[in-house]
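Structures incoming, each one as structure tokens.
The same chain A turns up in both complexes below, where it pairs with chain B and then with chain C.
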Partner chain A sequence: MTTKSLTIAGAPRRRKFPWPTFGRAVGLTAVVVTFVAPLAWMLLASFKTNVDIYDSSKMFAFLPTLDNYGTVFGQANYGAYIWNSFFVAFVATVLSLVLAVPAAYSMSRFVMGRSAMVVLLARIIPGVSLLVPWYFVFSQMRLVGSFAVLILSMMFVSLPLILYIMMSYFDSMPEELEEAAQVDGLTPIGAFLRITLPLSMPGVATAGILSFIFAWNNFMFALVLSGASTKTLPVAIFDFVGYASIDWGGLMAAAVIVTLPIMVIALFTQKYIVSGLTAGATKG
Partner chain B sequence: MKHRVALKAAALAVGVLTVGALAGCTTSGGEASDVVRVTLANHVWTDLIKEKIPEFEEQTGLTVELTQLGEDQLSDQYNVKLNAGTDEIDVMMYRPLQEGKLFAQNGYLAELDDRIDAASDWDWSDFQAGPAEATTYEDTVVGVPLVTESEVLYYRTDLLEQAGLEVPTTLAELENAAKLVSEANPGVAGFIARTGRSAAVTQFSSYLFSFGGDFSEQGTAAVNSPEAVEAYEYYGGMIHKYGPQNVSTDMNWAEASAIFAQGQAAFYTDASSLYQNLALPENSTVSDKLGYAPFPEGPAGSKPYSIPAWALGLNSGSGNQDNGWKFIEWATSFDTVLATQEAGVPGARTSVWDDPAGTSSFPAALAAAIQANAQNGVGYDRPLVVNVAEAREIVGDPIVVGITGGDVPAAAETAEQKFQAFLDDENQ
Partner chain C sequence: MSQVAHGDVGAWEKTSRWVNRRRKWVFAAPAMIFVALLLVFPVVWTLYLSFTNSKGSVRAPFDFTGFENYFTVLTDTERFWPAVGRTAYFTGGALVFEVILGIAIALLLWKPFKGERLVRVAILLPLVATPVAVGMMWRLIFEPNIGFANEFLSWFGIPAQPWLSSPDTALSTLVFVDVWQWTPMVTLIILAGLTALPEEPDEAARVDGANWWQRLWYVTLPLLAPTITAAVVLRGIDALKTFDILYATKGKGGGSFHEVETLNIYAYGLSFDYNRYGQASTVLILFFLMIIGLIWILSLRKKAANK
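Entry: the complex of A and B
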């Protein structure tokens, strides 16, 4: 009995090779390697001298140097650019949230389809076509080169983004909650502030993070509208590309510094970002 | 409806408040001012002049407000700002051959003739003829040449010695040397140069001129002339036959010079301004085996381009042109040009080149090559048109066909037709 059961248990059962799992692992590895390789190259190059960067035999084995980071923070004064980028992205995000969240709420609750369409236009018009008129208007107002104009231009991108994420978020929240609050004596605004808004904080976080990332990365508006003292990181990074000389090491060190905060934010808030990007995607 | 109006009013109010609150911290522009707003490209010249600006400020009592950008970003910014009629730029650094004609035609550049006449000590006639012509539009001077460059031959002294070869002085000798060196040294290419369709055009131009061709003749396209086809076949053929294996066809100077700097090629032709990428040990593994020679002779002689890569101009929309001119006058004065040239940036003043101190910082062979080029040089390195970027794409196509071993005469014929249509369109 024992022998038999042992035999059965120990019999070489032909287990099917887990092709789907294997295929998935291979697929995932291929995708990860493809996407991570440039980042890894960037990180390695930021610790190399210009001669070593071009030498393929020194891809992984090289004498690391911190000189490039020294250039970035010393000579190139990146501390100021980091602050500029952070200030512009942060203020633009906060102002956009203050304006767009109540707007999204009204558009969702009072079914203002056409208004929403108008706002969406801002996302459809290519930003570059607005640059010349913007520059003209803002230079007449003597605003070019100020933080104000950078913040306003970033809000142009982030407002519609936040609006649309929040609209779909509010659409998915049951109105009964607010009705119940109003039965208990709250005004419609009070119901929004005390019930709906606290419940929609995950949505606000998602919209805020995405808006911050877009503003942090924006190059085109900052190129034309920033000044010497308000230059942001994506524009400043080009200081390493000169005529007839490119400081690859410095460029890569600066690129690491631009990318790092966004990668950290993305890693820790992945859940919100994915839910934000897919918000409204499953609605029939 | 009520909500919509309220929302709009609220949005407007916040917008106005934000703008109003932050408007106080901006600089003003427009009228004559003690602040000269100067826009410069990322360039070694800019780094040098930045150190000297305090001298200018002390001399004149003016303050310089500097904006510095990469060359492509600078172009983009000019396109937007000058198009909008900005008065927030006084002095602008620009590329006379790439955008000079466009800027002059659109009236972005202020005329300088009267100022030049008034500044006799400063001496406009001291500027080299080719560069001075490139900053003149319809007989009016609109810019002052700043940095010059020409095409030189970079070579590996050790490989030439090994093969027992002399430095090539003709294109035929260059081909022979490239062949012998590449055969004797497996893994080392005989020759490398730019391969990108648009990027290669400027370096190809010296070959074109030296074979006796040109991009156009009296407003008619000439890229399928027998001389031009020969030049295309030579340039493309050199890279096809003696270039690195599986060479990419979108290399600009950065990639091409890196191949040479890593010791993977024997000969390289490119701009003289690139020499520090090859001559400094921190950038190059061949810095101690580097030779320089003037551009080799073709059937029509040695005719490299010799051009002003950069110039300074005054923005015609600026209300502060008098002070802007003071900056240009200072930055292009004999003393300043001598100082920047001593630090390795070739200028456009004849007297500085004649001064021994003016060539002291360059390797002797390079200085000799540059001076030889300046004598034989042609004052442009790309089609002289308004839309240079598009023209370069058209005339650059047969180069790429040659590099990949394709049918060059057919490609030149196609390019000719396209370029003629382009010229007709532009001259309308």
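Entry: the complex of A and C
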């Protein structure tokens, strides 16, 4: 009765509360908080002294300090490790691209299913089962701890990944352009180099970025195969974990330094990363 | 002079023609040789070592011992079988939560909304973060005395939990960490699948009066089944082989009571902490057979689903 009279009185009709929209907004907020809050906590702790980290009253209100970053770059010599990580990931990515992009083209155009399977096996096999024989061979050659071996092992992470992404990229590229170029007098390889390759640069970028990230993040191969002077960041982070105690502030600063470059790259190349991670997965 | 130059051109053209005719293998061979050297040789070598008593130094001589290692490992109820159980628990737990939450978040993100970019960046961050650093980060958050997790629980009057420090809860806590880091991966794959779906079936169901839940359960999810299977296979393979977060939070041997020692951690410990290469190789071969077996079962199911 009352609602009816209100409507008649010319008041705006009461709209139903938009529960679906509201629920969705709550859900999305929860998603963002869940995924970002722990990272924010790590960042926050990296600006705290160890005394403040142990003080629960200073959870959010504390006097920020750069001491931890001082330790990381000074005592812990992180400048060198950042360079090692960058060098290894970069060289491994470039070499893998040179090897894998033509191979992916060949496997896509000539449908070499069985050969592709062998390479994709590399994604399935547990890394430890490769490390034992590698360690056997490389320690005989006294190469354990060298950049060469480290780069070789990272290429093993990068190459199958690049091959996988580029194969699904070439699969989706029409062949007509290459054929037209060959009619116009280019050799098949010329058509690949001058037509197909320039056109597939977005795919190459995707594969390259992901390969760099995976090589940068790789821990197990570096743990066994790196030496004191070739140590990469994921291994160096353990310098802050002692037998008796942990330097939490330094550890968090080190963790920030490992992850921050990758996250900055991810922010700027978001589209590429997403297309690379989902490559081939939706073909069924 | 000109004749030499002419000869050069001829040779160049000949080579060029040869290379072009065989480009299939010229392109593929370098990558395949690289992989063969670094993959096939190690697999064969691991298989060989699994039948020997190689241990100690990599230069030490060793003997062929037949199936002795297999017997030792398969009857080992102290380290091997518990490790199999933990691997299954970790992978199964992580997969269930990651697939359910991954699909749920993908559905939340499916239709366009304000602030879409921000949410997409937020779910990408855990995915690209260095796993070892992620392990260290959660190690601080789950620290029983100073960590944020127990502080958070205390706001709701829930007593402090031991998290990673107790053998009873450590593995489950690590399942949570894995779910945190890799659910976005499932979300991204499912989202790509959702965007590729045809709109007609959904529309038809809507016209027929199906509600939101019915359309999701009877139309969208069945159409999405191949994508979900792909996500399960990809994530499952990686979850089985998880190493970084386990090692970063619990160290060698999966903690003092081996409470998070999965097959991968066990094989690593046998190889590089105990230097028992023969036995480690046996564990690895068995582990590898289990992975292949699981993939085979999944692909059979996929084939059955396609029919």
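In the analysis below, the second predicted complex is superposed on the first by the 268 of 284 C-alpha atoms of A that agree within 3 Å, B and C clash if a C-alpha of one lies under 4 Å from a C-alpha of the other, contacts with A are read in each partner's own complex, and residues count from 1 in each chain.
Keep in mind that, in the parts below, a contact is a pair of C-beta atoms (placed from the backbone, for glycine too) under 8 Å apart; a residue touches a chain by one contact, two chains touch by 3 or more.
For clarity, every value in this text was computed on a predicted model and none was experimentally measured.
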Check: On chain A, do chain B and chain C fit together or clash when superposed?
Finding: clash
Note to self: Tell me the contact category for A:I125 with respect to chain B and chain C: first, second, both or neither.
What the structure shows: second
Next item on the list: Please work out whether A:P188 is in contact with chain B alone, chain C alone, both, or neither, and reply first, second, both or neither.
Entry: second
Note to self: Once chain A of both complexes is superposed, is A:T49 in touch with chain B (first), chain C (second), both, or neither?
What the structure shows: first
Item checked: Which of chain B and chain C A:Y78 touches, first, second, both or neither -> neither
Note to self: With both complexes overlaid on chain A, does A:R142 touch chain B (first), chain C (second), both or neither?
What the structure shows: first
Check: More residues of chain A are touched by which partner: chain B or chain C?
Finding: C
Check: Which of the two partners, first being chain B and second being chain C, lies in contact with A:L99: first, second, both, or neither?
Finding: both
Margin query: Once chain A of both complexes is superposed, is A:S245 in touch with chain B (first), chain C (second), both, or neither?
Written below: first
Next item on the list: Quick one: classify A:G227 as touching chain B (first), chain C (second), both or neither.
Entry: first
Checklist line | Which of chain B and chain C A:F170 touches, first, second, both or neither | finding: neither
Check: Pick from 1-9, 109-117, 217-225 or 397-405: which stretch of chain B gets in the way of chain C?
Finding: 1-9
Item checked: Common ground on chain A, meaning residues reached by chain C in one complex and by chain B in the other -> 54, 99, 102-103, 106, 110, 112, 115, 131-133, 135-136, 139, 152, 223-224, 241
Checklist line | Contacting residues of chain B [partner chain A, same complex] | finding: 3-4, 7, 10-11, 14-15, 18-19, 21-23, 25-29, 41-44, 65-71, 73, 76-77, 80-81, 83-88, 253-254, 258, 261-262, 271, 273-274, 276-277, 281-285, 309-310
Notebook entry, point to check: Which part of chain C faces chain A closely enough to touch in the complex?
Noted result: 16, 19-20, 23-28, 30-32, 34-36, 38-43, 45-46, 49, 58-59, 104-105, 108-109, 113, 115, 118-134, 136-138, 140-141, 143, 145-146, 148, 151, 180, 184-185, 188-189, 191-193, 196, 226-227, 230-231, 234, 237, 240-241, 243-244, 247-248, 251, 263-264, 267-268, 271-272, 277, 280-281, 284-285, 287-288, 291-292, 295
Note to self: Please output the residues of chain A touching chain B within their complex, sorted ascending.
What the structure shows: 49-51, 54-55, 95, 98-99, 102-103, 106, 110, 112, 115, 131-133, 135-136, 139, 141-148, 151-152, 223-224, 227-228, 235, 238-239, 241-246
Item checked: In the complex, chain A residues that touch chain C -> 24, 27-28, 31-32, 34-36, 38-39, 41-42, 45, 53-54, 56, 59, 99-100, 102-103, 105-107, 109-110, 112, 115, 118-119, 121-136, 139-140, 152, 155-156, 159-160, 163, 187-189, 192, 213, 216-217, 219-220, 223-224, 233-234, 237, 241, 248, 251-252, 254-256, 258-259, 262-263, 265-267, 270, 273-274, 277-278, 280-282, 284
